[in-house]
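The following blocks contain the structures, represented as structure tokens.
Two complexes come next, and they have one chain in common, chain A, joined by chain B in the first and chain C in the second.
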Partner chain A sequence: MNGIRRNVCAILLVASAAHGQQSTDAIERKLETYRSMMKADPWSNPGMLDVERGEALWKTRGGPMNVSLEGCDLGLGPREVDGAFALLPRYFADADRVLDVEARILWCMEKLQGFERAKLLTRPHPGSGMPVKDFGAIATYVAYRSNGQSFATAFSHPKEKEALALGEALFFRRSGPMDFACSTCHADTGKRIRLQLLPFFSKAAEAQRIVGEWPAYRVSTAHVMTMQHRIYDCLWQMRLPEVELGSDLSVALISYLVKQAEGGQINVPGLKR
Partner chain B sequence: MKRELILALFVGLAGAGASYAQQVVEESTVERILSTAFPKASADWLSRLKGDETMQACSNRRDAPTAELARAIKVRERATLQYPVDGKLIGDWKRGEQLAQSGYGLRFTDYPVTQENGGNCYACHQLTKQEVS
Partner chain C sequence: MSAKPRIRVPDSARIGEVIEIKTLIAHAMETGNRRNNDGSIVPRLLLHTFEAKFAGTEVFRANLHTGTAANPFLSFFMKVPGPGEFEFTWIEDGGARITERRALSVI
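For the complex of A and B:
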């Protein structure tokens, strides 16, 4: 996997890789130029294809019940998509759980469309070079429809408060044979894994800038990666077991990240290495 | 007296970094969440979630242990260090670099084992400046 990433990045950075001797600052500047070119024309971001795919999936009848997801209440009522992502994760009385956008879409695919939960949870994330799964494309579409808005979850319900406190505790919790916590990589400015800069989530400005970029298109793996997938991969690197999509653990961590990013603007899909 | 008590309480919370945890998160709650998050994991894998005494102490103090605790951790962990029996501390640095650059090992995709574990050093440390990814 590292080899593939290396190759893709090498293609991306042809000039710098060919010369090899440039400082990482110069490489980072080139990458930033590439990012700003992509940002200048939003439709050059391949993640937009999944926004469109997600919209079609949202509106098309499907599943054993042959209904569309338009009846799915994302928190603002059925058929209300605009602005819903900015208020997630939140407590849903029908599920009696706090759910993030992905967990909520899964819930609706199961309860409204009649999909089998176990099947939705089997291999839910794409391999390198494969497109994001259907629920992930839908999540990207839903998030996109909050672009320009700011994260504003109230975290007023007791279960929302619990998720937030739990997310914070889990963020600092060390575990695994290599002794990693989320905070090992994300609790200081300017840390990185190889070339990828890592956000310092305890600092509001960094959290605000980064969290609103997810789901994001990842150049090195050529697909949209959702936040649940991002956390799944972090836990994999932390040498922990395979986390279930939409688990209370990942929802709690996302609650903490969104709270840290409160007031930060949503700008989806972001663009990552 | 009352003010002192409130102050002590506040300092205690701040020390633990519990900015949202007005309700302190019980270890039992954390364990309940962890127990449902990894339904496919074997008991062996689940044991990875617990952490040893040092890890638990650092988690509880948000990586900011008191001086006394830090000393105790250092003494305890230093005792576990194993130096090469021949006393030679510098080996083949090129092979060392290979290990430092390798993130292979102990991940759930690394079984059955196909190569030796890397040090995963790059995850926390900058190695070659030219290393891009």
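For the complex of A and C:
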């Protein structure tokens, strides 16, 4: 009798362990089905609404100077959009700084269109359920126009090297009240926050796939999230001081991520939880 | 600047052919069940109806409720009766209407 009871117990334990494993896998499989349905038909990605909005904003006259952004040099010269994102972040002599796509668009909105920098930097990221801000929609459009190309920033200019070194140092440096580094969550395969798998950025294949998907549409907040917004949110989750949009720190981190993803194909807008 | 609806209709089709029509529109689809930081209810604001007409005849209609995701994507199929123009309308709570038209030529 005792023997039978023990066996039953053992079977139940095995069964429940198997069940836990199965349900996690089942959820992951269903999520993957959803992602693959969206990927099979990129047209239906709601992020495409902001690609089109960004294109209209890029081409429409605006700001106190009433000019369009088409004169904005994204690195390949004014009016050149195709392929520009694949070579960002990069050093811009006119700004004497390394800029990523968002920081460059902000620079152009300030210098070409005459927008006030302080206003552009006030609450630059959308709240849940609100559409991405104008510069974010433009960044999504610019990134989209490099789809199919590979990240190929040379990081040869001394300031680009400097940004890269700073980004690497920041990535691995623990700081803040919780003593977190980026690498606390991003230095192993298969780690996750809730159901979102976290990329391991030291592994080229993972970095290439993930970095190439940003800017991405986030289903849970129903808007496009840009890479600057992603970094802002990561640092907030680490309880670090609020990082300014397009600051040297955020551009350095993005430079490091893009370097890790070197050669990876651009495939935006991606689709996230 | 708000986003324009995305609509995909084939440029041309044969009579009798079954074609797929896809639509995607930017909308928060506010359910009326959420609260602001101050505790007050965020008023409901949904696109409650989508209708599609072809050559003046209704071919598809959908009633959307609080369970519909933000930025709703809808697709449907239609057997092509002949040449004509699609008229797609989304109706918001309060009566605001968003209408888009697309022509379909027959080969």
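Just so we're on the same page, the second predicted complex is superposed on the first by the 251 of 273 C-alpha atoms of A that agree within 3 Å, B and C clash if a C-alpha of one lies under 4 Å from a C-alpha of the other, contacts with A are read in each partner's own complex, and residues count from 1 in each chain.
As a convention for this text, a residue touches a chain if its C-beta (ideal position, glycine included) is under 8 Å from a C-beta of that chain, and two chains touch if they have at least 3 such contacts.
The shown structure was predicted, so the numbers you read here are calculated from the model rather than taken from an experiment.
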Which holds for A:96: it touches chain B only (first), chain C only (second), both, or neither?
neither
Is A:60 contacted by the first partner chain B, the second partner chain C, both or neither?
second
Of the two partners chain B and chain C, more of chain A gets touched by chain B
Applying the touch criterion given at the start, work out whether A:49 contacts chain B, chain C, both or neither, answering first, second, both or neither.
second
The answer for chain A against chain B in the complex is residues 2, 5-6, 9-10, 13, 16-17, 20-24, 27, 161-162, 164-170, 172-179, 181, 183-185, 187, 192-196, 220, 236-237, 239-244, 247-250, 252, 256, 259, 273
Interfacial residue positions of chain C with respect to chain A in the complex
1-4, 6, 8, 22, 24-26, 28, 30, 69-71, 73, 75
Within the complex, which stretch of chain B touches chain A?
17-25, 29-30, 33-34, 36-41, 45-46, 48-51, 55-56, 58-59, 62-63, 103, 106-109, 120, 122-124, 126, 129-133
Seen from chain A, its contact residues with chain C in the complex are 43-44, 46, 48-50, 52-53, 56-57, 60, 129-131, 134, 137, 219, 222
